[in-house]
Amino acid sequence: MTDVCLRRPLQRPSDAAIALTGVGKTFLPSGSEVVALTDIDLTVGDGEFVAIVGSSGCGKSTLLRLIAGLMPVSTGRVEVKGHRVSGPDPGVGIVFQTPVLLPWRTVRRNIELQLDVRRLGRSQHGKEVDRLIALTGLAGFENSMPYELSGGMQQRVALCRALIHNPDLLLMDEPFGALDALTREQMNAELQRIWMETRKTVVFITHSIMEAAFLADRVVVMTPRPGKIREIVPIDLPRPRTFETFRNPVFHEACDRIRSLMSASGLME
Amino acid sequence: MTDVCLRRPLQRPSDAAIALTGVGKTFLPSGSEVVALTDIDLTVGDGEFVAIVGSSGCGKSTLLRLIAGLMPVSTGRVEVKGHRVSGPDPGVGIVFQTPVLLPWRTVRRNIELQLDVRRLGRSQHGKEVDRLIALTGLAGFENSMPYELSGGMQQRVALCRALIHNPDLLLMDEPFGALDALTREQMNAELQRIWMETRKTVVFITHSIMEAAFLADRVVVMTPRPGKIREIVPIDLPRPRTFETFRNPVFHEACDRIRSLMSASGLME
Amino acid sequence: MRNAIYPALTAVILVGAWYLAVLFFEVPRYLLPLPGEVVTRLIEDRDFLLRHGWVTTYETLGGFALSIVIGIPLALLIVSSSTIDRALMPWIVLSQTFPKIALAPLIVVWFGLGLVPKLIVTFLVAFFPILISTIVGLRSMERDMDELRLSMRASVWQTFWYFRLPLALPSLFAGLKVSVAFAAVGAVIAEWVGANEGLGYLLLTANANLDTPLLFAVLVLLMVLGMVLYHAIEMLERLLIPWHATIRLKTGQPSF
Amino acid sequence: MRNAIYPALTAVILVGAWYLAVLFFEVPRYLLPLPGEVVTRLIEDRDFLLRHGWVTTYETLGGFALSIVIGIPLALLIVSSSTIDRALMPWIVLSQTFPKIALAPLIVVWFGLGLVPKLIVTFLVAFFPILISTIVGLRSMERDMDELRLSMRASVWQTFWYFRLPLALPSLFAGLKVSVAFAAVGAVIAEWVGANEGLGYLLLTANANLDTPLLFAVLVLLMVLGMVLYHAIEMLERLLIPWHATIRLKTGQPSF
Amino acid sequence: QTKLNFRLDWTIYGSHAPFYLALESGLYEKAGLDVSISEGQGSATVTKLVAQGGDQAGFIDFGSMVRGVEQGMPLIGVMRVISGVMCVISHEDVAIRTPQELDGKVVAYAPSESTGQIMPALLAANGVDPAKVSVLTPATGAKNAVFLQRRADAIPANTNVQIAQLEAQGAKVSYFKYSDFGVDIMNNGIVFNADYAKANPEVVRGFVAATQTAFEMARKDPKSALDALVKRLPQQERNRTILARQLELTFDALETKATHGKPLGHMEASDWESMQALLVKYTGLPRAVPVETLYTNEYLPK
């Protein structure tokens, strides 16, 4: 395959798949208010793969929710595909931080839920469901109920569900957090392949700096509460990235840079 | 601190904190039966730190449940502190794979749940609760409800809850899975310190090979379904391990060994 | 089959206790006849009893069906809008706080003495538990799942069908169980409002005529009707929500 | 205060509709008196009505309290053992499937005409919804949480108090709401069994004398009693389970 | 003073006033009795209460008492009070004055009402085919409404209860009594628990005598009787006109043909026999019992 690295100048937000300007989010829980995000300016190009890293509780999931249109911003403006967000975009696929499977549906039916709700014929996509199940190593568990699955298996079902309708915008919140190192690597490779084939726009939250650097065009490093963007680290590596990439000094430089940015912002507040 | 590495010969199971002999576990769900574990023989010495790695769905959590006395074995025998297991041991602290917080209790009250149920005076342990909250970076969120926390914060609450009653046997199922790299490193260091100070017996499930090698006296590598012990890798490194350890070739050898064992057993079945 | 043992045992104990009570405490027969007398009556008058029993059965089923058909959508409506909730709930609670029989004259004059008033009264007695339980069930969706359905852009109807209804089933079934047990009572009350057939009618006659064996025969039939309906609902529950903890724990995983 | 608007509005609409109905459809007064007449009656006879109302109120509260005090532990017992479940449930269902009033003579003879039979009948009418809802609530503990409480070696009592009860609260409150709305009806029925005071007794009198204004005055009092109790339970719910989705969603997070 | 619990058949109606007169004017007290009067929920329930002895005496429909005795209840009728009040009420403008005119008409009554249950006897006695009379069966409370709405042409009723109520609603009614058409039966009387009566004959005698005097006094001065009732139950003040009319009609119905001219309370075996015959034939009473077990005149003043 050829190098399909897609970094481009992104002056005009309208060009972008996602554009956040001056976004802030404050929660008003029972006690004192929590400022989860302030002053977020971020533009994600069409077909770009952006990873977000930051310490636990810094607002990554909140940011994803704002982009997904799952909650309104407190200040600022979120645009997806040029439109101000006021609800989830039809072309979005989300992997949540927890698997959120319906306990009354089998593995297969949980994946098909996406098809059912979007009125995409279950039978037409049957093959695709099978393919994703095989890809994620769930073959043989199609008819298991969620409570019969291990933590990692549940997460993989959620992954399949987010992919089955072939969305052009993929929002993933630590999708591989519950997977072992090797399965995770395999999944990374798969995700890259899918991304290169279909040119989806991806926003990918991860705790693994290496995973972020391996997958993303740009890595957004966030500071802890109140969550701000500290720096955006471009990853200037050719695609497809393979395990050769791990030996590339550019890769290690990027990783070190991200790591030092995170350390600098303090481990936790 | 001095080197307190505790590996000893463990011929007599009765010496051991945990002894599994010929343990197997088969689930009989709605569909076909799932053999989660077969032929597990494992002895964990008193005060030993054992890590378990293995691909997703290979039976790690199931193994932990058997040791914890949360479910009966299908075959074989599990002994904890010389007694056949027929329920959870009083001196056990468990971190589950999911946080399992009570939604009607604040962070602080969730940690205190362990004290309440075990009738350990809430007031006597007040300082200890504060200390753990500060240690895990949850200060300021004592009175937040679980749904107001991020995924990683919830996991940290669960960690505090497992430690507050100072158990001598600690069973941890991916306790740091939802934490960012740096918080995770800090937590690793903390866990090592606590372990060295209090000489707890620890069984620690993780997906991070480096974490396993960094923390454990021995790393149990499991094969995928049906879950078996492939090999037990001893980690012959002095304590306390610090970030110097990462430069130690012994460490890297161990990691490579674990990695190759896992690859050899096939990524997934 | 094993499930039938306990109810059967219960029946045996009940009848035994009844028998002994009558004999030992010398309860006069006109207050509490012997089981045998009631059974004799049940057998002798079976055609007559079954005919009236059948009337009450279909009134019960009709009223219960109406409770479901109106109760569940009503719950959905109330859950979907807090304005509707606040506007409707007071009325509904109101409708529960007085005995229906007190409105007998109005009911008879407006709805006559046919099937309609029976269905209305039975419905009024039986729908409230379904409504309240369904509301709690429908509302028990946590943020996680709500975000999932939002992200899928599920319509109101889809949200109900794919998410809220299955989630609500355990609670809904609790409502159905209470409701079905009350439905038979509702039908009897409906017959007291005005009827010349049905078990409620028989109860009135038996009472006026001091015909205690008949009274108890009718009560036995009512119990049988109620029990059958209740257990039918329970079986349906087992069928529909085997995935739920309520049922899983009951059927029992092995544990220490 | 804002919460009072809707019920108030409801009352206004109800009275308005009632007024217009009487005037336009020329409903005869002996079927449906004018609101004014009922209000006049309420004011004129206030001492007398309040005295009887008070009797019914404490019967209602007593029976309701009994339902809670017996219903919840009973639910716990049933949840804790499937043998007890299967042995007791049939009896309990049985107790619900026939009209209590049919056993009036037995009840009167065994328990006299004092407060005891009133409490028993009210209890019999009101406890079932609490029982069933509590059972569902108590059983709704998922494996995760069950393992947590096992790992802590929580005793049966602790399991109930720290885990099952809080989990059961939303469902339990559904039961309480149904139950409290029925309790007043139960008290009225209990008074029909035999009483010289209380709103149920007044209903009988009003009915016998074709005294429709009195009948409606009593119904109004019953409604007020039921509504007050219902809303008291609802407020308690808000107080006790602000953490639950049922309530969280109602109070409303901002959303699109 | 001997305590005596006396239970009325139903909630208050005008015929009850003399009992309160006896209470208020001290008649019971003079007889050495401390009587407490309670309202009832229908004769069927009251028979059981008296049989159980919780109440020693009741103002009970004799028909219900007969059923009770047949079932083995220890009851004894000691004083006949109201007789022949059963009637058929119709609207004056379409008056029904004879049983024959019921042919093809609609009547309404609750299944539990003895007046309704006996109606076939009335029809049979007058050559009317009961099948030609349609019956609506609303709840007791709804019966009057159905009649006032003219859903029913007529209702079987008791002269001393419903007529006054219907008139109070502004209805102009016409009625005829069963007793004028061959069905002449006793209605309510004083029933004692038989065991109690046997053990306490003086109490029964005293109560019966006082009651008899009270009815005489009330007939002469109905207002005093009503005053006494209202004094005890102030909320009845508002029903005074109805009560007065009910009481007035009560005095027209204190004897059967067989007891004409006899003192109030006196009973004749023939009345009991004909009553039982009707109950057996029309209302499912399994069998007639010996009349001696039903009543006695021995407690009446000589």
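Letters A, B, C, D and E name the chains as they come in the text, with residue numbers starting at 1 for each one.
Keep in mind that, in the parts below, a residue touches a chain if its C-beta (ideal position, glycine included) is under 8 Å from a C-beta of that chain, and two chains touch if they have at least 3 such contacts.
For each chain, UniProt lists the protein as follows: A, B = ABC transporter ATP-binding protein; C, D = ABC transporter permease.
These figures come from a predicted structure and were not determined experimentally.
Q: Going only through chains that touch each other, how many steps at minimum separate chain B from chain E?
A: Minimal hop count between chain B and chain E: 2.
Q: Shortest hop count from chain A to chain E along touching chains?
A: Shortest path length, in steps: 2.
Q: Between which chains do we find the greatest number of C-beta pairs in contact?
A: Ranked by contacting C-beta pairs, first place goes to C-D.
Q: Using mean CA coordinates as chain centres, what's the gap between chain A and chain C (ABC transporter permease) in Å?
A: 50
Q: With chain centres defined as C-alpha means, what is the inter-centre distance between chain C (ABC transporter permease) and chain D (ABC transporter permease) in Å?
A: 16
Q: How many angstrom lie between the CA centroids of chain C (ABC transporter permease) and chain E, rounded to a whole number?
A: 39
Q: How many angstrom between the C-alpha centroids of chain D (ABC transporter permease) and chain A?
A: Whole-Å distance between the two chain centres: 50.
Q: Would you pick out the residues of chain E that each touch at least 2 other chains?
A: 48, 52, 141, 144-145, 149
Q: If you look at chain A, which of its residues touch at least two other chains?
A: Within chain A, the residues that touch at least two other chains are 30, 69, 87, 98, 145, 147.
Q: Specify, in ascending order, the residues of chain C (ABC transporter permease) that touch 2 or more different other chains.
A: 31, 105-106, 109, 142-143, 207, 244
Q: Taking the touch rule as given, give the residues of chain E at its contact with chain D (ABC transporter permease) in the complex, in rising order.
A: So the residues of chain E in touch with chain D (ABC transporter permease) come to 10-13, 38-39, 41, 45, 48-49, 52, 54, 140-141, 144-145, 148-149, 165-166, 168-169, 234-235, 239, 242.
Q: What residues of chain B sit close enough to touch chain A in their complex?
A: Residue list for chain B touching chain A: 27, 29-31, 34, 53-57, 60-62, 97-98, 137, 140, 143-145, 148-153, 156, 174, 177-184, 186, 207-209, 259, 262-263, 267-269.
Q: For the complex, give me every residue of chain D (ABC transporter permease) touching chain B.
A: Chain D (ABC transporter permease) residues touching chain B: 144-145, 147-154, 158, 162-163, 166, 169, 241, 243-244, 248.
Q: Which residues, counting only chain A, touch chain C (ABC transporter permease) once they are in their complex?
A: The contact residues of chain A facing chain C (ABC transporter permease) are 65, 68-70, 87-88, 90, 92, 94, 96, 98, 100, 102-104, 113-114, 116-118, 145, 147.
Q: Which residues of chain C (ABC transporter permease) touch chain E once you look at their complex with the stated criterion?
A: 28-31, 101, 104-109, 113, 192-196, 201, 204-205, 207-212
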